[in-house]
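Each chain carries a letter (A, B, C and D) given by its place in the written order, and its residues are counted from 1.
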Amino acid sequence: MTTEEDLVPDVDSSMVLSDAFSVLGRVPDGVTEGEVVAHLAEAARLVRRRDIAMVRAAGLGHIGGEFSVIDILVTLYLHSMNMSPDHLGEPDRDRFILSKGHAAAALYTTLAMAGFLPPEQLSTFMKPLAQLNGHPARTKIAAVEASTGPLGHGLPIAVGTTFAGRLDGSSRRTFVVVGDGELQEGSNWEALMTAGNHRLSQLCVIVDRNRLQQGAAVSDTNDLEPLADKLRAFGFAVIDLNGHDHGALAEAFRNVPAPSGQPTAIIAHTVKGHPISFMANDVAWHHKVPSPDQVAQALSELEAP
Amino acid sequence: MTTEEDLVPDVDSSMVLSDAFSVLGRVPDGVTEGEVVAHLAEAARLVRRRDIAMVRAAGLGHIGGEFSVIDILVTLYLHSMNMSPDHLGEPDRDRFILSKGHAAAALYTTLAMAGFLPPEQLSTFMKPLAQLNGHPARTKIAAVEASTGPLGHGLPIAVGTTFAGRLDGSSRRTFVVVGDGELQEGSNWEALMTAGNHRLSQLCVIVDRNRLQQGAAVSDTNDLEPLADKLRAFGFAVIDLNGHDHGALAEAFRNVPAPSGQPTAIIAHTVKGHPISFMANDVAWHHKVPSPDQVAQALSELEAP
Amino acid sequence: MSTIETDIPVLHDCRDAWVEALLELAETDDRIVAVVNDSVGSSKLGPFQKRFPDRLINVGIAEQNMVGVGAGLANGGKVPFVSAAACFLTARAMEQIKVDAAYSQHNIVLVGQSPGMAYGELGPTHHSIEDLGWLRTIPGLTVVVPSDPIETAQAVRWAAAHDGPVFIRVSRMGVPMVNHADYGFVPGKAVTLRDGNDVTLAAIGTVVSRALAAAESLAADGISARVLSVPTIKPLDEVAILAAARETRGIVTVEEALTTGLGGAVAELVVQHHPVAVRFVGVRDQFAPTGSVEWLLDHFGISEEGIVSAALDLLA
Amino acid sequence: MSTIETDIPVLHDCRDAWVEALLELAETDDRIVAVVNDSVGSSKLGPFQKRFPDRLINVGIAEQNMVGVGAGLANGGKVPFVSAAACFLTARAMEQIKVDAAYSQHNIVLVGQSPGMAYGELGPTHHSIEDLGWLRTIPGLTVVVPSDPIETAQAVRWAAAHDGPVFIRVSRMGVPMVNHADYGFVPGKAVTLRDGNDVTLAAIGTVVSRALAAAESLAADGISARVLSVPTIKPLDEVAILAAARETRGIVTVEEALTTGLGGAVAELVVQHHPVAVRFVGVRDQFAPTGSVEWLLDHFGISEEGIVSAALDLLA
């Protein structure tokens, strides 16, 4: 039974929260593992605070899937990826594609946190003529590699750019995040088959395994299990981890490419709406917009520890 | 390296062979297993003879994939399926879909052999305004359930008609043949996932595993192995058999639905161009048209034993 | 300012009419099945799923499979309503629409939800403004674009009874009633909502009410505008359009779509039989920017003012 | 009888020009990559694969992935030529064309092979007659339909240098040379192959030669027909088409496609700026029957006689 609610464009512009947004930037080089994790945790906390304010202001967004993926994004952009705002033209830099483009607000806030986007621009989210669409657009934001939104597009594109890197003899890596519901799209299995057979070891597919999709649990819709078996049978080296554990994520990303020469699939077990008490694991928060009270409650749960 | 040749519309209408075509019809009830196999083998021999004449006359066709699938088609239409020409309107009859629609000539000749099509109509194959297109059309032939030709369409349709049977509480079964190259299409994996999760036990997917596609070996293009693992991970009961062995095919079809309650996938190991010496396993015969000498040679290899 | 604001009419989400009609049909016809791509909520099919859990097939996020499953259900004697966001249904399953629905003439109803720019802020990937131009090019498909809840419900009922593939574009954006309570939908029949002989405003779907408002405004300037509501872009009511071409000085087409939709259909008809001036109100060969649907409609002049000025330009 | 038969000109398979041009480019530009769907042979890419085995990526029978991989290659700085049968490339990967190519403005060249009714006997699933109507509706895409080997080669070279998404329709059906050896392809520029002032024959792709033959035949009857070859349906040469609308009594469009292609594009233009009579030569809103491409072209009147009679009808 679905509990899906409908998109509610319930904009309250007066509610644009002036949630101070400090750009922490990349984790500095040479710090301890503990300091890495602390930096990422703090960045993720600030990103979530900004994200919820953006969604509230726009009256639209996909907060559940944003909160499940933020730790992955922050770990990649602030630490694991070889990619910096001043060197987007560098051919050997890493690539990232958010295939589950509906989590755009999470990407935008992370890009701002990492210095790829002026933080002021965040308040234009979904406004008329804004560059910050409800789904990321390649032509509108320099750091966005591919326009996504329709599910099942990002992984084939990631395969293509990984091929390009191989042709250039580059050591760059491509990271792509797909939703678990998104893996119902056949285009992904086409791309996985290609990547597996061509042993595209510089490709890392991260499945945001939050077990919910738009209207119901993935298992009540069209289940993916046994997911690891599927991915292995398509030629991937498969890793399971907690997708909210920055340390585990950082280590997994460090281990790409896998020694086996296969492309890597990371099944990142996450919780949709994490860590907000009243959102976590509730499918209604796929694209529900929080009330002012709910925003206040969520922000209080996102105070500095 | 491909050895694919191009379609050669090299029609020689004077070469329309008057290859006598006797309609053997269904295997009679109550005969021995040996008699079943003998009937099917003779039917397949006659179907292949007619098929090659049709392709030669039309100057077009896909003889390799026709010869690999004919034993499967003949076993289904002349023996295993509960489907007869006089009762196409019977809702509880079995269903068959040739997803690899480029083997149309094999389907047409088998339909004629089973009494679903007047044998005279076979000589209209691919002629102007003919009902016998290069790919089977639902609106043009009563016994055809679905128009195919673009790969990756038949399996989703088979899933749909199996759902319909389940809703009606019918015990009818749906058989669908897909090419092995065809399994590169993501639409198939969407359909397999749905069938597996819904435990559509009345569905039987037969993979014509001839290991070649249009331009090269499947393994040199985008390999499917480990295919059985893939299908199992998508929720299917998997059987491997020799796709030219009528007895093995008949037994496998008898065992649908599988006791596990899962849908069945039969990996039918076949040889493209079987059993013609100069065609077998040669990718060039995907859609090459035989010369008059080659027709004569093939027909001599298809003499009654 | 459109009449929507001045008259403050009640605005309707046509999805309510769609689901109500489907539920009613399904009560007495057990061949009716819904097929969705994780779109139960966005199709408002919750009540249907509750009432007929077995007759709602959710294939997950897999549009090609969704349409194929619909075709298979039709093969098995069912009457499938395949309901998904119009943008994904059309673009992602285009070959299935061509082959499994149209060429195969399967008895399948494709329901394109939240079309046009209803998902305004979500961006062009979620806008479905190409659909009319795309679908009217496919032979053998009936393409219905209802303008209000009355027409939506009637189109759903008609499609269930009709033998052959149908696409119905169901609006999410609020629209006022434009048809009379005793209106009877007939495919291929346009409806003259207002008579006039200076210019014709031919409108489709969500924006018929805006054409009516424009006609009112033109009347105040002494211009008599005929308003034609065109519920099926395919088949087109050639008689009514050509009569408009002959009897008025030209036609303004109005649509929440790229102008290759109704604009193109009308242009193709008149140049062959009675060449006359046409002005297109719609989106002209571009992806729309981000913004709410109301903002976007105004931005592109798909508004009372935009229609009036297109009419004045035509008559100038 | 077309001039093809009376003059017995040499007929060319434009795929030869496509591959030759691609090979030549690839020799000096290592960004050039070919992407195919098990279509090496049908794209005549065998020599390319032999010469540049690493730069031919065969994703297998998987068109969505194919276009996505193309977009990714573009992201990685390559210039991908994605080559597949036009019917599958367009219908099966429509959303990838919309989003990954056009909306994203990726630098990708989509090559639609054997379009129109080249696969005549194989039936409507393999005909690509919807493609022009579909693709011209997509914003931001350049759609090139070369008429002969000279134009094919130039379009390939132009597309490689151009920054942005391009679709090129490459004919398999034999066509005679129609352009002069010193011809220079310019997107958005139609070519006047023959002057005339009674009527204009605007033709595209494979059937430009038939328009020339028809003009010849009309001349014998004292009718002066202008022949416009229209290599890009998008952007359309609005200046040349509107000049034809003003300077001749009307336009006959000629295409190996449904008439929503060039016919629709011309109709939409003229009704807005200079309404004039247009006649469509092409396939009219139906799936084609089975038959050889030559038989089908005659069947639909996409022939010298058919064009002549459309012109006479227009002038009647």
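FYI, a residue touches a chain if its C-beta (ideal position, glycine included) is under 8 Å from a C-beta of that chain, and two chains touch if they have at least 3 such contacts.
Predicted, not measured: the structure shown is a model, and the values here were computed from it.
By the document's definition of touch, common neighbours of chain A and chain C comprise B, D.
Most remote from chain C, judged by the distance between CA-atom centroids, is B. Centre-to-centre separation of chain B and chain D, using mean CA positions: 35 Å. Chain C and chain D have Cα centroids separated by 30 Å. Taking each chain's centre as the average of its CA atoms, chain A and chain D sit 41 Å apart. With centres defined as mean CA coordinates, chain B is found 44 Å away from chain A.
Residue positions 137, 147, 149-150, 152, 184-187, 190, 193-194, 222 of chain B each touch two or more of the other chains. Shared interface positions of chain D, i.e. residues touching 2 or more other chains, are given as 59-60, 62, 64-65, 88, 91-92, 95, 99, 103, 124-125.
If touching chains are joined by edges, the resulting network of the protein chains shown connects every chain directly with every other. In the complex of the two chains, the chain B residues touching chain D come out as 1-2, 4-7, 9, 58, 60, 101, 126-130, 132-135, 137, 147-152, 181-182, 184-186, 213-216, 218, 221-222. Interface residues of chain C, counted against chain D in their complex, comprise 88, 90-92, 94-95, 98-99, 102-103, 124-125, 130, 133-134, 136-140, 258-260, 263-264, 266-268, 270-272, 275-280, 285-287.
Within the complex formed with chain A, the residues of chain D that make contact are 33, 54-55, 57, 59-60, 62, 64-78, 80, 95-96, 99-100, 103-106.
Looking at the complex, you find that chain B touches chain A at residues 184-190, 193-194, 197, 222-224, 226, 229-230, 232-234. Put simply, chain A touches chain D in their complex at residues 91, 95, 137-139, 145-150, 152-153, 155-165, 167-168, 186-187, 190-191, 193-194.
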